[in-house]
Each structure stands twice: as structure tokens, then as C-alpha cells.
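Note sheet for the following structure.
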């Protein structure tokens, strides 16, 4: 019901239980595509798993610890994005996102990440946002780079991806840096 | 962040913790006005009480048992409305609402209740909606009556209001009745 | 162990875990009979389900939110009755009941409901009692009618019964009305 | 509401929240008397403490782990007795009890303990009952002795009583022993 | 990681989740041997059961209610010992223990029980320790007897062991008695 | 009771509730010293706060999510160190530590961090360890540097310290790197 409209084509909607089938179908249809960089595909094999994920999202939102949205492009759910966690003591949000197969290259995720950055600084009054991406994941790294995030380090062997470890690049942007943009 | 736009002036926004001050101020400024028909004013005397209320709302939303919104009129929070509870087994939603002092008479609540009725039937696929109002509360009863709800009974001494009991009129509308409208 | 004796033949006993087999057998032997008006038969198919129900009853009793009893007629459990919930803020109890097949027509339920009404007003000091019955369920409606309860409304499509909705008649009686009886 | 009648004068009633004032008053009026042998008097100084105790009793009953009753003598609450805990794996109940000041010497507690012993063996189908009493507490020790319980040991310094340790005599009776009586 | 060294050969180590396989294997290889006196063998048939037991141990330790260790003899886990519960109000610890098959007769358990008795009096500042053993279990009874514990009673039919009841001898030692040793 | 001996002078002991006074006194006596780099001093003003911290430590240990120890130097508690969290999915431990005033410069913390690194790789079988230190905190940064940890990044404005943000240097070491040492 609740929508944050970014432009004519792209909106964010707080994820809800009634999105379960559409999010699961998107996951299922993009399984190989997503599995290259996301660690949870093999644990998300049936609708019930997506339901469980949405419940965790909603509890995190209710406790003011996270906020997950579905990305709507031309009335279709094409991805998930949000704050995986919010550290209120240090005023930092951690943004995460993924797009289903075939939806890349339209600028959807750049717009989404810009909207989430804006909201974190302007409405939630946070001080910093971080985005992490695997060092080889060029597409994902392009998002914070296009938005002017600063590369702060390469955290080695940060994530186990089915059969190998992956290094993460950490990008960060400060409230004072964003304001100038 | 998340908005359901009803028309140029009126929107509903999922209630969030960051709304606490504005909702508490609205409550405080409308205290005498609201106390005539709502039983919780004497238990809502400080900001912390409103925070507690919002947490209960968010937990209910996360568990898919209720949904509460703030009503925004010309960028200002003017009231609270939503489904106090949703009975999924019998597919019934129970709508509740209040407007702060000075915001009556602009049709805000009728639009809000219509939007909530629409959403319950069209998106949540429910079968019935009920609205209860005190028998003497003409303004509140006007809302379901204008929307074509059917009066189903007068439940006597249904609520204790500080120092006396109040009879409630129960209004209901069925999905099949709403479709024709 | 604990009994409320109504007359020579009829008593109420707080439901206990050790009643599980007798309550389940009664349910099982009256399955078709009860299924006409009660929605939970298809979810009560094995002893474990009745145990779960009794635990919920006992927790409700421990939290002072409900009170369920087994009805004993000539040393045999013949039904279940009690306050499904007690609304202490508004001082209202909601009575529910059922009798196993073959035990109707002996006045057992009228005596039971009278005793529960008495206890709610005299000992619990409540202000109102409500009983709901499906509009077509003549036998069930006869109980509050015989005890002088007032018909307060017909709540349409109030309950989903396996494959159709059922309208409920709401009956209520106030403490001041009961005292004259 | 629920009573287990022992004889014309003495009954047991499952303890309920509505007994709070009467149990607290009895405690308060017997404070010095009870403090000689019971360790909880200094932690039971206001009505709220007795309420908390009753809630613990009711939760224990709901979970089938204990059962506490008030002893009613000529329509007045004169004490508390019951199974402090029930060990279902080994089928043992542990009986505890106290009488308010001035109610001793009428045989009330012997009748009560006999009824609790009967119920444990005949209805709960337990195998053993234990009663513990401080070695110097002649009156309390008289109860199991009169009922034929066997002295099984003296557990030294078993309980801290405000400013000194107390030795406990353990009495036990087996189902097979009780049947002969 | 954390060790309490008793002598060159024997140590106690706080039980940890990573001990699960070694404790389960020890249990499995000593099954018939242990089943003679311990009631939980038939409920410990797979690794998961031992894991569950270790979690309960760790929770009890975190809540300061119990403390369980694995006994290490020449770098091998040979048994489990500890305080099954600690009664802080009355300052009593209840020691329990078992050794795997083939490890008896080396004095391991006497050293272990002595260390646990020492620690309870000297570090935890308790007032009494109790050890219970089945009346026929000569080896187990030898431990408290060698350490100078006093026999305080025989609690009849205290434990159900698969197909028969077992009497327990209760041994106790007081802080003042231990100091002289 | 449970000790991990590093050398003649230095040991680690799993933190326990009975350490509360010594840890609180150490905190209190080092307050200004610690406040320069640790954010929790103003929330640790009474014994109860340290107790609460220890309970959180013990629960984390019981759930296998963290492990905190007190550092003992010549029989005196001089600091706290451990794994603030363990990420089992990615096999990473996060080490944290602090020393009370006057205990720096003895090599205690380097030995402690080496022992914790050893244990994480050799016993817990983890793949990576991270240590974070404020960029200006030379003493703290010296620990991972001396142990051969690799500097992986500078995470800007990572922590709010009473009245300003602090940048964190992230150091990491991999299992394969440690083995060669």
C-alpha cells in the first residue's frame, strides 16, 4: 500500500507478507544470476523461505533496526533494497540490494541507492552510509562509485560463497559529503 | 518514507517511530476533544506512552495482525487511522480512526475510511469490514453511514469511558456490497 | 479435583490436562454433530490437538483472561463451557459452550449458562455478558433467550464455517438486568 | 468458583487472583507466627507480592508442574496448601502447607494433607509423596506422622531462615503403603 | 580453552559445544555401563541429544544456576561432573558425575569431587554440598564416603530407572566440616 | 575456576558473575584512561552495569556467539579481552580488548591477542580474525601490527565517542598467514 515514488517508472515499497510470491518467483527466475554474488540462494528454495525472510524484514523494521523495500519498476517487482541494519549509536546505515535477472542496465539500482542515501541523511538524520561489494562484482561496485562514495578498504576473505571466500570492498559516504552533491 | 496518496491534499503513511513527537503533540493539543470518545487519553500523558503505542502498531504490522497509519493533510499529521485488527480466518478487518482538534469538517476522514475500505477488499482480499462508533458520537457514525455501511446492531454498555459505559453501534460492509459502489 | 456443583446431576470442573482423552473422545464421537456450527473440528483430529487446546485454556486461566470448564453430567464429561475471554477494562465476559451428541434436551446447557452468568456478576463483579450464536442455530440461541438475554444485533458474515459464512446474533445481559431475576 | 469439599467445614479451592486480598491479609495477620518457620515473610510485605505469588501458582498449574489451593474453613480462607512441585518422570509430589494464626488445633491441616495425598495417588496416579518439615517444628511434623508417612532422613542445614540454618526432616509415603490405609 | 588443573593427569574443563562429539562418543561407548544407574541413556541416542544437553549446561552456567565440566584424563575426555544446580538462597550445591566405561578405579572421580567441593566452599562461598547415589551403586557411594560426607538419609523410590524405582542415599557435607580436612 | 595459562604471569579466565566487583573496580580506577577510546564508560557507572555486561558475555558464550575473558596478571584482573562476536558462516572472529590503567607496557596484551588468535585458528578452526582500532590509538594499533596482521582499510567516522566521530583502522589475518608464523 505504501509507496515511495522515485520517478515515473521506479518506486520503493516497504516489503510486506503479501509480496511473498512475487519475491520468491523473482528469486527463482534469477537463481543462477544471483548465486554468483549472494550467499543465501541455496537456503531459499521454497516459498516458505521467502516468507521467513519477509518476517525477519518486518520485525527489523518494527524494532527500528533495518528497513527493506521491494523495488517496483513499471508496476513489477524487480528487486529488493534497503538498510540491512541501522547502527543508531554511531548513526550508520548499511545498504544492501539486488536486482532480478534482466533488469540491469536501466539505472534502476543507481536511482534506488540514491533515494536510500537521501532518505538516510535527510529524514533519518544519519551520519554515514556504507555499501559493501565483492571486489570482482563490477556492476555492484559501480553503484556507490557513481554516487560518489569513497573506497575505504578491501576486507579480505570477508564472505564465504558456497565454495570460496570473497574479498569485500567497503565504500562509505558521510553526511557532509552528500550535502554538497 | 512510505506514502499512500489519496488525493492532492490527503495521504496515509505507515506510522513510524520517528512520528512520535508529532503524534504526541497532536494528542496533547486535542486532549479534551478526544477524551469525549476515546478511552486511552488518561494513559497517554507523556511522549514515552506514544512511543509505546507506535511500537505496538509496528509489531502488529510485522505480525500481519493490524495496520496503523498517520493521516497527512497538507504535509501535516492530523490523525491516526487503520485496521485495529485483521481476522484472517474470517477475513474481517476492524477499522478505527481519530482526527486531531480542528481538522474535522474537511472530509479527511471519509476519504481515509474509503481508502482503507478499498485496500482491504481489493488488495487484502478480505470479505467484511466493521466500524464501531459510540451511539451518541454523530460525527464518527457519519463516516460509515456516508460510505454505505449497514447498521448491524447496538451493542449495549460496550465500553467504559472514564466514568460511564457507552453503547456502540456496529456498522459492517461486505465485499459484494462494496463492489457495486 | 475442583468442582462447582450446580445441582445433583450437573457440575462444572475447571478443565485440566488429565481430561484430554475424555474431551477428545467426546469431540470425536460428536464430530458431525458439532461440525454444523463450530469451525475447529477439522483442526482437531488427534489427541494432541485437544491437549494443545487445554494448554491454551489453562494459560488463559493463569493469565486471568479466560476460564474454561468441562460440564459433568452424572459423572460423565458431556461438554465444554466457559468464558472465551474476559475484557476487564470494560468488564465484559464472552460465554461459549458446546454439548456432545445426545446430551441435548436435558436442560444441561441452560443450567450451565445460568451458573456462568451468576458467577460473572456475583463473584467476578463484571458488568455485562455476551453470547453469540449463528442465526440458524436455534438450539444455541435458545440458551440466552431462556435466560433473558437481550438481542442486540445481527453481525453479518461474522464467521467462516468450512465453506460458507455465517451471520451471528449477539445477545447481551447487563448486571443491573440480571439482579432482578 | 471451583471447590474440593473435604467435609462440612473444610474445603480446598484452587488459588485465584481474586483471592489476593484475603491471602495477603491472612499473611499479614499471621506474620510473626509464620516467620518462625517460613523463609518468605520478609519478601511478602505488600499486596503486590501476594499477587505475584498467585501468578506463579497459576502458571505452575497451567504447566502441570504444581498445584496450590487455599484452605477454606467455615467460608473463610485460613491457609494455603498444595503440591509445590510434581516430578512426573519419577511420579513424586512434594506437599507444602501453612495455616494462619489461630487456626491450628482443629485438625484442618491433617484433613487437608490427607485429601492431597489421596488425590495424588488416586487421581494423579503418582507413586510417592514427600513432606519436609524443620526438625524443631513439632506441629508441622505431626501432620505426616499422623498420616503414617515414614521418616526417611534428616537433611542438615537445608534452609536459611533469616539468620540461621534449619535442618529438615524428610517424610515419604509410597502409593503401595497408602492403599492399605 | 579453559582448564582447571587438578594434578598432572586430571583436569576439569567447562563443557563447550565443541565437545559434543567426544562426549557423545563416550556416552555411546559406555551405554550399557551407564544405563545401570543413569536414567537418560534412552533419550540420548544421537549427537543432537548431546548438543542439546550441552546447550542446557551452558545456559545454566550463564544464569549462574549450574556448572558442568568435562573431566580430562591424560588429554582425553573421560566423564562429566559438576554442580547440577546451585541453590543460592540456601547456599547449597548439588554435585553429579559419571565416568565412561573403563575409567573407574584410577581415583579420577574422587579427585574431581574433591576439587568441586573445594571450589564450592572456597570460591563460591557455599554452606553445604549434597551428593545423591542409588543405594545399590557402591562405586558412586564410595566417592562421598571417601571425602567424609555424612549420610543423611535414604530417600525411598526416588528415581524411576527405565523399569523400576531406585532408593537414593543422600550425603551432605557442611562448610564447617570441610575446613577441618 | 577455569583458566587458560599463557605463561608464568599471564592467564585468561572465562569471565564469571563473581568477577563483577573486580572488573567494576578496575573500570572505575581506569575511567579517564579508558574513556579516551572506549564508548561505554558513561553507561558503566555502577556495579549493576558491570553485572549486566557479564550476563551479556555469558549468554553470548552459551549461544556460541562470543567469548569474553578477564586477563589475569600476577593473580590480579588487569583487563578484559575476547571475541566480541564470532561469525560462524564466514568463519571470522572479531577480537576486542582493554587493559586497566598502569598495566600497559608489559606485553600483556600482545600475549593475550596472540593466544586468542592461536585458539581461534587452531581450536575453533576459523578462517580469519579482525581487530579494529581507532586511527589515533597508537598503543591499540601496535598489538595487531606486532602480530603481523594486515591493514585492510580505514573505515571513516566509524564510531561516535561522546562528542566526536573516530576513524577505525581494520586489521585482518588469515589462517593461512598465521600458520607460517
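A few notes on this one:
Here the chain labels run A, B, C, D, E and F in written order, and each chain numbers its own residues starting at 1.
The definition used in the following text is that a residue touches a chain if its C-beta (ideal position, glycine included) is under 8 Å from a C-beta of that chain, and two chains touch if they have at least 3 such contacts.
Here the structure is a predicted model, which is why all the values come from computation and not from measurement.
Any chain touching subunit A that also touches subunit D would appear here, but none does.
Taken together, subunit A and subunit F share no touching chain. Subunit D and subunit E have Cα centroids separated by 32 Å. Per-chain CA centroids place subunit D at a distance of 51 Å from subunit F.
In subunit C, no residue reaches two or more other chains under the touch definition. If you draw each protein chain as a dot and join the dots that touch, you get one closed loop, with every dot joined to exactly two others. Contact residues of subunit A toward subunit B in the complex are 1-5, 12-14, 17-18, 55, 58-59, 61-64, 67, 119, 123-124. Contact residues on subunit F toward subunit A in their complex (touch as defined above): 39, 89-92, 127-128, 130, 150, 152-160, 165, 170, 172, 174.
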